[in-house]
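Paired with chain B in one complex and with chain C in the other, chain A is shared by the two complexes that follow.
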Partner chain A sequence: MTAPGAYRRERLDRGIKVRSDDIFALAGWAELVYLAGPRVAAAVLLLVFPLLRNWTGDYWQTVFLVAVAMMLAAVSWAFLENVGLVSLGHSLFFGAGGYLTAIAVLDLRLPPLLAVVCGTVVAAAGCGVLLGPVLRLRGVYFSLVTFALPLLFARVIEATKILGGTEGLAGIPGLGSLEARQYLLVVGLLVATFGLQRLLDSDYGLVLHAIRDNDLSVRASGIPVGWWKFGAVVVGALPATLAGAVLATHYHVVGMSAFALDYSVLPLTAAVLGGPGTMAGAAVGAALLVPLSELLRAFGTLRVVAYCAVLVLALVSVPEGLFSLVRRRYHQFERWVPL
Partner chain B sequence: MVDRVSKQFGGVRAVDGVSLEVRPGEALGIIGPNGSGKTTLVNLITGFVRPDNGRVLFRGVDIAKSSVEARVRMGIARSFQTPRPFYRLPAFRNVIIPLCSRRARERLGSGFGRREEVALDLLEEVGFERDAAAVTKPASELPHGYLKRLELARCLALDPQLLLLDELFSGMSPAETASLIPLLLRLVQEGRSLVLVEHRLAELFQVVGRVVVLDFGRKIAEGHPAEVMTREEVRRAYLGGEVSASA
Partner chain C sequence: MPELLTVLVYGLVQAAVLLLVALGFSVTFGLSGIPNFSHGGVYILSGFVCWFSLRKLGWPYPLAVAASVAVAAAVGLLVYAAVIRPVRRLVLAEVIATFAVGVAMLELFRWMGLVTYEFNLPPVVAGSVALGEVVVDAHRLVVVASAAGLGLALWWFGRATRTGLALRAMAQEEYTALSLGIREDRMAALSVVLGSALAAVAAVLVLPLGLISINLGYDAMLVALAVTVTGGTERTAGLVLAALLLGLATVVASVVIGPHWSEVVYLAAIVAVLAVRPSGILGRLKELEERV
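Moving on to the complex of A and B:
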């Protein structure tokens, strides 16, 4: 930016962006590709990666599985943040999904796939009920409660030795092959990312946004705010509980570590890094963070330091979020114009 | 309608044993100096505040303990004294919010795919020009008078049987109020009940046939506007207040 004194930077929508903004998108292949291209490319990448097992090796396939699970958690976090519920305890959803799946498969003897589905849904509903009484809290007060809940669960399990105590629940049968688990998560991720974004863009999303900004007027408009928030929590928790459920069948064990702080911090970090406000941004953030964390293993004990350094660097240099930056560059071009 | 309701905030008796009644197809004005309990009374009727004692009857049913949403479903809507729009949303999307409520879906048929159309109709009704830029502007960029009308449109989206308007006219230009008065009169003609809390008495008296005067949370007078304003206690209450009656 040398001597911008006599110049200012101007950002303009690309022609194709303007053309494809409206129904004219159907006018030609170029516009269709422009609109659908990035989404389709991302989806294809996710669907193809598990097929490359011979080439990548099992290690990176497992990293992929964990990454997709974290992407789900991040999407879940971003959805709730969008409706004004900033969660600092996403491991609550994650852990609940894992434990309930373990119970379903070990105690109720359900087949693994059914157990995962039941664990996912019941955990999301249960978390909704659990958080129901505190949904009237706003902003940081709600966040603090969500921060405390997973810690509380972990301590209760430790102290009362229920649910296997510190040992956890072991012997969970695997859910099919590695590929089956990967594809279950990938499909879940695609549905969650595009579905939740779609939901937010609909009239229902409008109401959810309105509740965040001005719940008094929403109540005066005859909309039961409490029930809507409850619904948002249950729907928003689903991706995270699914991630917890599938990872439990992958590791064959679920323990107190499912309620660990890591699972609360990562979705939040991913969403901030990727670009807050969008589902895809959160997913992109998680897709970068998990492999990054693996690559940094070479640093040994200093791994966390290197991880934090990368994170701070990214946040300072691209405060709008990586996904938001790329999306802006995709839709707009920049030029310097004289004043 | 409202039967001896009281509400105390700390040591202040905001509303103290007030009773009043509005019939279908009637417009009632509530006036009184600042802090006399007018807005609290609106909050009591609409459920934003629960009364300490007394009853709130709507079509013969005691709704004193019902939630705001339940009351809206029965047909009670209110506007806020200070407009509380959804600032980030365009004007017509502001009206979509109430159109998502159960009441609107049942009464106005604002199901999926019909909401934009109904919203535009409602905005036109309160004086937005259909194709004007104001319809698609975010509420944060609209002038005060438009926000007031937006507030009214939000209420009309609930097809209210009882409509409580808290200082609708305040901050509006004479031309703006003049354009709204025929709409309010038509709502009354349609058989709806209107309750107007108002400081602008000249405009108020064009709409209502009866006023209730509050002072320090008590009802000090009720009756025909012209007659009430001549009473000694009303004059005293108003001279103590900061509002000069224009009637």
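Moving on to the complex of A and C:
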């Protein structure tokens, strides 16, 4: 029995959403703008910001660079989450990208751009091989191992003094100007965000989602789950290793701090805050968090505490994420209907 | 053969340390399936609570220990009610949320500057004992004895008390347990509280072996993970065996290869066990459902 005068909230798709879902998307400018608008606006914002250097000053341009790098890491996290691989140690990818780029440029004497490309790709493949033996683990167990790996790498580097030990590898030449680094990351981010989302919406992504939801049935269909997961890790690691590689050339040094907890917790927080499951949500989350954490820079490690607080609050109070919330408002309207 | 004897004795001590640190995490995980990653944070927190009540408030030692266990249990309850319950059954959200709580605690301590040499705890018993040709301080023997005692006590608790049986019933056959009137929520809360209290016991016993440092919290998570994965969560005996193996292996590794290599043993153990016997060395393959 319901009380008289009780109402419930009903959500309905907006008319323009319904029209633009099929061929009528091409019916007029309104539908085209409705569909492409948000994506183009975000892309334009990312592409234009580096041009405003005179107006924003160098400090905020550097923050922008770091923000885009973290957005890449968050996108990478979100992609792996779609395969059911929840990483608690994303700094592994980040640090691997940085260190391998440093080796490529310092020991192999590659030109910086080539070194970044090689470092990115080799690090992603290397992380795939490294995680290979534990890819058969599900859920918590995989997370546990990823949590341990960066801690262990930092410890081994500290103990054995390989890779420069606690000093790190210094003297990495910069990659062109600040703008060059920014645009490399922005293009990488756009490709990663839209490309990986596209990949997830394709048949390939169907298998990946199926692995997340019920890997035994995927296996029963004759699909080698292990190899698919391996492929997903390599592809999913690419954005994070690119971020690590470019930031290494930006700071001219890569050290044990590349395996620090910040780089594990931030992508995780960003993806959960923005909206797990979507690439764009993760990017939005990072875009919100990084400037916020810059404002907290004076507080040192309290920043990590702040991330964690945001993370818990987001998980408990907005489990669907901010991006999904906004997207729903964009596509649907709500009204109260009597029960 | 004094070297061999030394390795054996210190391996045993190390095994006791590992078992103590891991018990809290693996009890919670084994009983209710909650991967309580705030374990490391609670471990260090209880160390600081004990330190504070001893050195600042000047309380007697037993009272300080009781205070730290009580605070840890209260924090466990709080973490369960505020963080774990809203995301209960979403396994990965549980991992992320408790991980965030643990990291937040540890980094908060680091920010508060609790990293100096004054933060040490006194041993339970001072002095040292000669075992044949090996001299061990008495506190290390207390650690071994309490690890053995706690292991036995947990084994007894799980088999002989109503609460222990109810907890094990939830872990083994959830729906049957529910139909027998065992309250799921209360049992899960109890398992987290128990795990946190055990973390405090471990802190009081293990932290006097050195200074209280923030990184020990992360180490505690790693150790808890290694012992739990190696031993499996089904049987206390598996945990004891895993702690013995890992303890000896880390001591041997640090003697033979170098002092910093002991951590590598943990990860090697995790990877090897997960690859070969996914449910732990004494597991009965029930946990295969966790892996492909």
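Quick note on the criterion: the second predicted complex is superposed on the first by the 310 of 339 C-alpha atoms of A that agree within 3 Å, B and C clash if a C-alpha of one lies under 4 Å from a C-alpha of the other, contacts with A are read in each partner's own complex, and residues count from 1 in each chain.
The working rule: a residue touches a chain if its C-beta (ideal position, glycine included) is under 8 Å from a C-beta of that chain, and two chains touch if they have at least 3 such contacts.
No experiment lies behind these values; they were computed from the predicted model shown.
**Student:** Could you look at A:43 and tell me whether it touches chain B, chain C, both or neither (first, second, both, neither)?
**Tutor:** A:43 contacts neither chain B nor chain C.
**Student:** Who does A:216 touch here: chain B (first), chain C (second), both, or neither?
**Tutor:** A:216 sits against chain B and chain C alike.
**Student:** Please work out whether A:224 is in contact with chain B alone, chain C alone, both, or neither, and reply first, second, both or neither.
**Tutor:** In the superposed model, A:224 contacts chain B only, not chain C.
**Student:** Can A:292 be said to touch chain B (first), chain C (second), both, or neither?
**Tutor:** Touch status of A:292: no partner.
**Student:** A:16 contacts which: chain B (first), chain C (second), both, neither?
**Tutor:** A:16 sits against neither chain B nor chain C.
**Student:** Go through the superposed model and pick first if A:304 touches only chain B, second if only chain C, both, or neither.
**Tutor:** second
**Student:** Answer with first, second, both or neither: which of chain B and chain C does A:203 touch in the superposed model?
**Tutor:** first
**Student:** Looking at the overlay, what does A:106 touch: chain B (first), chain C (second), both, or neither?
**Tutor:** Once the two structures are laid over each other on A, A:106 reaches no partner at all.
**Student:** Is the number of chain A residues in contact higher for chain B or for chain C?
**Tutor:** Counted on chain A, the partner with more touching residues turns out to be C.
**Student:** Go through chain A and flag every residue that touches chain B in one model and chain C in the other.
**Tutor:** 216, 219, 225.
**Student:** Using the touch rule from the top, collect the residues of chain A that touch chain C in their complex.
**Tutor:** Touch list, chain A to chain C: 81, 86, 88, 133-134, 136-141, 143-145, 147-149, 151-152, 155-156, 158-160, 215-216, 219, 225-226, 261, 265, 268-269, 272, 299-302, 304-305, 307-309, 311-312, 315-316, 319.
**Student:** If we count contacts the way the header does, which residues on chain A are in touch with chain B in the complex?
**Tutor:** 203-204, 206-207, 209-210, 213-214, 216-225
**Student:** With touch defined as at the start, can you tell me which chain B residues reach chain A in the complex?
**Tutor:** Touch list, chain B to chain A: 46, 48, 67-69, 72-73, 77-78, 80, 84-89, 93, 96-98, 100-104, 112, 115, 154, 157-158.
**Student:** Would you mind writing out the residues of chain C in touch with chain A in their complex?
**Tutor:** Touch residues, chain C against chain A: 35, 37, 82-83, 86-87, 91-93, 95-97, 99-101, 103-104, 107-108, 110-111, 218, 221-222, 225-226, 229, 258-261, 263-264, 266-267, 270-271, 274-275, 278, 290-292.
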